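Across the two complexes that follow, chain A remains constant while its partner is chain B and subsequently chain C.
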Partner chain A sequence: MTGTSPTGTPERRRGARRSGTTATRVAFGAGGVLLVVVAWELYKAIGPATGVMIGDLTVLPRTTDLAMPHVWDMIGRLFEQSGNGRNAQPVWLAVAQAAVFTLGVAAVGWVVGVVVGMLLAILMQRFRTAESAVLPWIVLSQTVPLIAIAPLVRRWGAQLEFGDFTWESWMSVAIIASYLAFFPVSIGALRGLNSPDAIHVELFRSYGVGWWKTLFTLRLPASVPYLLPALRLAAANAVIGTVVAEVSIGLRGGIGRMIIEFAQQASGDPAKTWAPIFGAIAVGLVAAGFIALLGVLLRRFRRGEVPA
Partner chain B sequence: MSEASTTAAVQVTGVDKVFTAKRKPSVTALDSIDLTVAPGEFVSLIGPSGCGKSTLLRLIADLDTPSAGTLTVFGKTARQARIDQEYGIAFQQSGLLPWRTVAANIELPLELHGVNSAGRKKRSAELLALVGLGDFAESYPDQLSGGMQQRVAIARALAESPRLLLMDEPFGALDEMTRERMQTELVRITGETGAAVVFVTHSIPEAVFLSNRVVVMSPRPGRIRDILSITLPGTADRDEHLREDEAFFENVSRVRELLHGEAPVGIKPTAARGVENR
Partner chain C sequence: MKHSTRLTRSRVIGGIGALAATAIVLTGCSSGGSSDSTDSAASGDLTPVSLQLQWFSQAQFAGYYAALDQGFYEDEGLDVTILEGATDIVPIDVLTGGDADYAISWVPKVLGSIEQGAAVTDVAQIFERSGTTQISMKDKNITSAADLKGKTVGSWGYGNEWELFAGMNKAGVKLDDISLVAQAFDMNGFLAGDIDAAQAMTYNEYAQVLETKNPSTGKLFTPDELNVIDWNTEGTAMLQDAIWADSDRLADDSAYADTTVKFIKASIKGWAYARDNAEDAAKIVTASGSQLGESHQLWMTNEVNKLIWPSTSGVGTINQDQWDQTVKIAMDTPNETGATVISEEPPATAFSNEYVEKALSELKDEGVDVMGEGFTPIDVTLKEGGE
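Let's turn to the complex of A and B:
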């Protein structure tokens, strides 16, 4: 029996890789936010009102209240009323509702994107020919600008009709989000599915088990370390795709439209413009938090490779 | 097919293996190999790097197919033997799945072949005791030393009580002390299970200590130079003391002469069976 304690070693290893407790990490995160706020206010205080120009080129923005409202004005505006009459409500509530709406659509887009990406990756892993036939199209698909596909998706969607089902605008937005989300998943999952060493693949061959069993017992678990970053990218893409597609499809209720609407009121109410941007950031944070949670749930599959 | 007791564990007859690649000269990894391994017999393959030891083992395991000749395992084709799980295999790297506990790694082949959970638990507990890792069932591979990982890999190879064990330098990455302890354990384990073993190694003392017979191979093309019967007590009775025994050193020198010396080079490369005293 060798003298290593069963628990001593990994703790030491983990400690070396990630230093600090949760508390210090939170403190560093908060410090980073504070730094941005300080830099913003400092430049606003000492920078020239017309901005910094080199020749005709503006390299730093104007510091007027119109271009750069005070941070406390932006936050304060969140708690004042928006709109008038019957549909008056605090800005933060309107933003929160829009954020939840956008998050929901992005989540649908993410799920569809992940499913499609995984299926493509599995297909490409299974058949070499599928890889050479499909992979170039997957890469090419991402060079098509969103603006170009948005009207197409809406038109095709509108033609779909079976039974009680009718295509709704939010579905078009979700499809566009999934169009951006499937890409990193298919690429990351393909790498992950191909990641098991020859020795593992041969071991499964020696057990005489088929491709499906090998997929579920070996390839999918082994792909998790490659999949998690891909899922995170997919989540970010889904959120961005949703916000942009809300604008180009013209879907009401989400952050995307709100950014446009509030921007149109910017001359009279500059601080309000920033409210939906905070909303978009919040949506991104929730999405990132969800992936982090997923990473915790799957931590068993992220253990370091066995040293030989 | 005759009875199990009389059928050879491995029967290799006139096997060639040629690797061909585009725009490269083909490599003759094995050239007319004949070898018979009896049930329960421990046979080591030894020879310089590149002489085809791993290739021969992979052919027996049906991880590759011979270019010519026939190869049977317990009277079946290599493919059928693999499908019937006639052998267990262990490589130089332990090849454990990092996301599975030690017990779950040992149970992997059982799980893949549909053994129920109670049966798997019982078997992995037995095997963990056999390789002396009873306290580590719930540990993960990265929490074990290299030698412990290798023992888990051996336990996994034994999980389905195969009649044949194929091992490719399983102790190659271990330090000398661990290595000798593992050899002693392997001798004990194979004694208890009665499995035949084909064992690839680079170490002469290791081959002598473990084997009933040592197959000495030569490279380019890969041939069997000679097969040597080890004149030592039956493998079940071998222990640490044997390493200091006069007879042990004698056998080591015989293998060394065959490996390095020009001695009885393969004019008839196949069947120069043993030296006088068997």
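Let's turn to the complex of A and C:
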């Protein structure tokens, strides 16, 4: 087994090395953020206060402080107090706590989603009948609006009780996150598990290798290039699912609820409403970073990655 | 081959291990903030009771939080858990689903549920007056429902529009005469001038405007700069926050009926506390986790008090004339699609004064002022952003 890998994809070096050192890449990243800030402030400075209209349709937003606060106001607001009495703390701290909470719930949802998605994919790979029977339902499951199922999941969960275990609202949110996260994993993993060339599968068969061993030594390693983009999508879905479900059922402690709470104060304190949005971005970045880390751990199998 | 297999496995297992570890660490961090139930007294003598609110913790529900904080529920032998609402939580569904013992909701919203088969009873009408208004800038000259003609009018929808439609109906303004706009949580649409007359609760959105700087004066907006259409004076007010109970349980379960009286009694005591100690009540609500600013919270407490006090027939009593007006509007007022809230009279079980009357007589014996004749609202100065 030299020359070609067991995954069947011709071994090739991962492109030409991306040009530039770490420093220049960081500079480019920072430049991108700066560009957004400059574009925001530039439009705010020169755009019409009433926004850009085509007929009666507003195509670009108003440039008032209410609609578009200055970037420095948004950042400055992070270091001022929020709440009062016992809840008083700087906005950035409140947002950071909420972000950690949301990230935790999203991580649980992601893990559950990945496990369920993988199991479904393996089931569908093993039995053709299962694929025909289950795949349409998997696709159909994603057409159910999240806001319709969120309160239901919470109520069903609240009725669960065995022994000392009581269902907490955050678990409902994690379930909803996993509901969104399992989909790309099951589809991506199924493609990945089916990706080995027939010649390799037949080789295994001719050696009399069992299905399980084929799964672990051939199919799973071969699925990694398909799986990683799916896991990345799943992470994004889990974060979005968590935030939306938090809004939907009003779970205390996370970014979702904070977005609503601060939005209610949007008129008198417009800069504050952006704080939880920054928090949501931070959660997304951490989730993406985690998947990148996972990619490094699995780099041995990343031959010819395919978009999901 | 053999070698690479083993490597594969250890890598995969390592990867999964790292994942699991991360997830565990993350969940560990998160467990602190997730509990929103109140600390339940360990005593087994208390009857556990849960109350589903319509929204997040805020001074609109000050009386219940005050009753909890001051131990009024415990005095009645109740261990009360307050469940917060959210954008997609319908309190009556939670009540009929058996996940809460009582729910707070507006009467017109519930009438529709009752017609669709929900067996619930209004056992105490806490808010006697409506807090819904339609506000506009002075220069628009909109002082009554008739003036809405030809204007851009905002409404949140979802059952918040009926008083507005009834008021317009009464004034002879048709829905085609206005341009109806869906309003968001904030008042930005109104402040930007997209909406001429915006819906505003006296205790919330109206204050939001007063907490905002007027760009032309550089100072906060003042009540003098606004016109307010009050549906109480226009004669199309509908009953709002009421305590709803499960009709079937009231009929079959005498313990639940007794608990209902106790729950109403302690809740009214809480509202009396909020009337006499508005500032403390606002602090109690804030301590329960509300994110509203200090001056906004106090404003809300004070405005909600105005909706309750002084009480015509004892707080919580469902006045027949107000109930009838609410039902009549719900039956006769079509919305933009021609639909009405309900098509026929609600069943007799839709409201009952039986429990609140018992609670009121017990409270009177204890010397609690349930009429609030001498009630005078306090003066609240709003600060920018409600802080």
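By definition in this document, the second predicted complex is superposed on the first by the 284 of 308 C-alpha atoms of A that agree within 3 Å, B and C clash if a C-alpha of one lies under 4 Å from a C-alpha of the other, contacts with A are read in each partner's own complex, and residues count from 1 in each chain.
Note that in this section a residue touches a chain if its C-beta (ideal position, glycine included) is under 8 Å from a C-beta of that chain, and two chains touch if they have at least 3 such contacts.
Source: prediction; values computed, not measured.
> Classify the contacts of A:R300 with the two partner chains as first (chain B alone), second (chain C alone), both, or neither.
both
> When the two structures are overlaid on chain A, which partner does A:G208 contact: first (chain B), second (chain C), both, or neither?
A:G208: touches chain B, not chain C.
> Of the partners chain B and chain C, which touch A:H200 in the superposed model: first, second, both, neither?
The first partner, chain B, only.
> See if chain A has more residues touched by chain B or by chain C, and give me that chain.
Residues of chain A touched, chain B against chain C: more for C.
> What is the contact status of A:G104 with respect to chain B (first) and chain C (second): first, second, both, or neither?
Touch partner of A:G104: chain C, not chain B.
> Taking the superposition as given, does A:P221 touch the first partner, chain B, the second, chain C, both, or neither?
So A:P221 meets both chain B and chain C here.
> Can you pull the chain A residues that chain B and chain C both touch?
The overlap between the chain B and chain C interfaces on chain A comprises residues 1, 6, 217, 221, 300-301.
> Touching chain C in the complex: which residues of chain A?
Within the complex, chain A contacts chain C at residues 1, 6, 62, 64-67, 81-87, 97, 100-101, 103-105, 107-108, 110-111, 114, 147, 150-151, 154-155, 158-159, 168-170, 216-217, 220-221, 247-253, 257-258, 260-270, 272, 290, 293-294, 297-298, 300-301.
> Quick check: in the complex, which residue numbers of chain B touch chain A?
Within the complex, chain B contacts chain A at residues 61-63, 82-85, 87, 89, 91-99, 108-109, 111-113, 132-133, 135-136, 139-149, 173, 178.
> So in the complex, which bits of chain C are touching chain A?
1, 4-5, 7-9, 11-12, 14-15, 18-20, 22-23, 26-30, 32-36, 56, 84-90, 93-94, 97, 99, 184-188, 191-192, 204, 208-209, 211-212, 215, 283, 286-287, 289-294, 296-297, 384-387
> If you look only at chain A, which of its residues touch chain B in the complex?
1-2, 4, 6-7, 9-10, 13, 197, 199-200, 202-209, 213, 217-218, 221, 224, 300-308
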